[in-house]
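These notes concern the structure reproduced below.
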Amino acid sequence: MSLWEYANPQKFMQTSQAVLPAIWGLTALSMVVGLVWGFFLTPEAENFGSTVKIIYLHVPAAMMAINAWVMMLVASLIWLIRRHHVSALAARAAAPVGLTMTLIALATGAIWGQPMWGTYWAWDPRLTSFLILFLFYLGYIALWEAIENPDAAADLTSVLCIVGSVFAVLSRYAVNFWNQGLHQGATLSLDKQENIANVFWLPLLVCLGAFILLFVALVLERTRTEIRVRRIKALIARERMA
Amino acid sequence: MIALFLRDLALAIRAGGGFGLGLAFFLIVVVLVPFGVGPERGILAAIAPGILWVGALLACLLSLDRIFALDFEDGSLDLLATAPIPLEGVVAMKAAAHWVTTGLPLTLAAPVLGLLLHLEPAAYGWLVLSLALGTPALSMIGTFGAALTVGLRRGGLLLSLLVLPLYVPTLIFGAEAVARGAAGQANATPLLMLAGITLATLALLPFAAAAAIRINLR
Amino acid sequence: MDLTVQDLACARGGLPVLEGVSFTLRPGRALMLRGPNGIGKTTLLRTLAGLQPALSGTISAPPEAMAYAAHADGLKPTLSVEENLRFWARVFGQRDIARALDEFNLTELAHRPAQNLSAGQKRRLGLARLLVTGRPIWVLDEPTVSLDAASVALFGAAVAQHLRMGGSALIATHIHLGFEAVELDLTPFRARPRAMDRFDEAFA
Amino acid sequence: MIPDLGKYAGAVLSSYAITLVLLAALIGLSLWRAARVRRQLDEVEARRTRDD
């Protein structure tokens, strides 16, 4: 039994239907636990005051904003190489989720920036990079919407996703070069977890898990919808042919 | 392939749109800016590198949708796709013709417009150099965007939305090179990055653009 | 120089329109495609020309042997007749355009910009392009649209001359062009909706 | 019940509000469209089996 069997739409529909309730349940549970723990049960941080509580939204959203694009890139490559329709539709399904995550990261970042940096918006490299990522998501979604032939749309958006990924990385480097930022570096980054106390780290970990689960649940749900849309199109076309 | 390049040049010259429109647009953008920010010499000099680069970029954007649209409508693109020259070469020649008709005149006109914005004397050379290095990348990236949207009815606006984020690195390094040059700082890094972006896009994007055209023609 | 098509199926906008098309086109012969509008003549010709992939089946032809001409002539209005023709000649690696101008009675119009030509004259210029490609197998989609009777005769003579010189032609048209040709009616090859019991066939 | 957020209460509360609203909108839209498309597909499938 190969992993590619799940690329069969029928197999995908069966499997996703079986696992989706469990994933939604886990998502709800971990989201409630993580956010309640983070919001009600953590102390204030020395430098941040109570604003440290924003971290439980800001960091997971920012992480998923990038991961969603990476997932779209992988799905696009799979579509171009192996021509599995489910893969292309999953990439399409993930884009609005990534867009929303980017928006959340930007909004919470701006709100957090006001008390910390004294301004809602700073042309800080990371904020700027997310703004550019936001534009990439908009363009990707707009291209999907604009093309009628579904296979051509899948092909062209995949090409855009791959080229866009290269330019997104390039933009990140360019923006860094352009303005050294205000952003917290090591204190909040994942690989330097010793710098952040366990009281903050554990609920953050739960929230990260919750956002990953939410992403998986949403992408599965939306991919199912996209598959159904394609089947409706195919069935209507057959009606016309008959 | 050279025939194609020459034909595109001839078409641009005879239609009159190619050279004139982009340049006029560039001029208008640069003239409008002082009306917006005020005539103070210091402010204008400070923002001049950025305005000149953004203006050149927008002027470049203006003519992108015509790169393939006319050839698509009159069937030339179908015929070129069945011709013995590779589609990657067609794309590269189209980008080259676009650069000669927009990027090159913009580069040459930029110092004159720099005068209007009180650009620092030290920066004129860097302005021309950075535009000469960077505008080929703008044309090539734009050609890729035009290839993605070639068959679409309302492709113009979408084309801008797709291409502008891709222009970010070129714009940053280009404007930064001029600004550092104006301030008398070392600007070798942004210039090298700019040249690197241009070379990489010229080497790789023709393949992506040709793939996009094949998908759009089928 | 044979063009052989075996069990070809092709699609328009992702939907199968034709299936099981087979024929062989030998040098010196012409094949007329017939069939009602929408049957997929244009789709078949575009598939043969390599502009879109076939769903299944094989097309075997010598490399770079086909010259394709569709409804649109690929002419630039601001270029003269001669410049338009010379451009396509150079793209296909040829030099001589005098014969093409002569055979389609365009010599007198050589210096006129294409935008000042009548519809029929434009069409003749578009077809003259076939001669300067130097390719043996002509794939033509409704070549006689907007041609008057005299121009149709002119075109028929040009195709007949091409066939005599060992070329071949595959033409989708409704009218008789005045030379001997085999006809192929595409109606029996209309794609039938495929069985679609399993979900993964939803994308066909 | 709500912890004392001090002078940053506005920032923290509005962050949570915006995030929850955006997430709810995303989830709501996804589920609504899923239900609508599922209904449409059922309709088309029913039409097909009736015709066969």
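In order of appearance the chains are A, B, C and D, and numbering begins at 1 in each one.
Rule of thumb we're sticking to: a residue touches a chain if its C-beta (ideal position, glycine included) is under 8 Å from a C-beta of that chain, and two chains touch if they have at least 3 such contacts.
Note that the coordinates shown come from a computational prediction; the quantities given were computed from them, not determined experimentally.
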A-C or A-B - the one linked by more C-beta pairs in contact: A-B
Taking each chain's C-alpha mean as its centre, the one farthest from chain A: C
Identity of the most central chain, Cα criterion: B
Separation of chain A from chain B, taking each centre as the mean of its C-alpha atoms, in whole Å: 32
Approximate Å spacing (C-alpha centroids) for the pair chain C, chain D: 53
Centre-of-Cα separation between chain C and chain A, whole angstrom: 48
Cα-centroid distance, chain B relative to chain D, in whole angstrom: 42
Sequence positions of chain C contacting 2 or more other chains: none
Overlap residues in chain B, where contacts from two or more other chains coincide: 218
Contacts with two or more other chains, residues of chain D listed in rising order: none
Pairwise touch network: line, ring, star, complete, or other: other
In contact (per the touch rule at the top): chain pairs: A-B, A-C, A-D, B-C
Contacting residues of chain D [partner chain A, same complex]: 2-9, 11-12, 14-16, 18-19, 22-23, 25-27, 30-31, 33-34, 37-38, 40-41, 44-45, 47-48, 51
Chain C to chain B touching residues, read off their complex: 46, 49-53, 64, 66-76, 78-79, 83, 87-88, 90-93, 129
Residues of chain C defined as touching chain A within the complex: 13-15, 191, 193, 196, 198-200, 202-204
Residues of chain A that touch chain D when the two form their complex: 35, 39-40, 44, 49-51, 53-54, 57-58, 61, 96-97, 100, 103-104, 107-108, 111-112, 114-115, 214, 218, 221-222, 224-225, 228-229, 231-232, 235-236, 238-239, 242
Chain C-touching residues of chain B, taken from the complex the two chains share: 2-4, 7, 10-11, 14-15, 71, 73-76, 78-85, 217-218
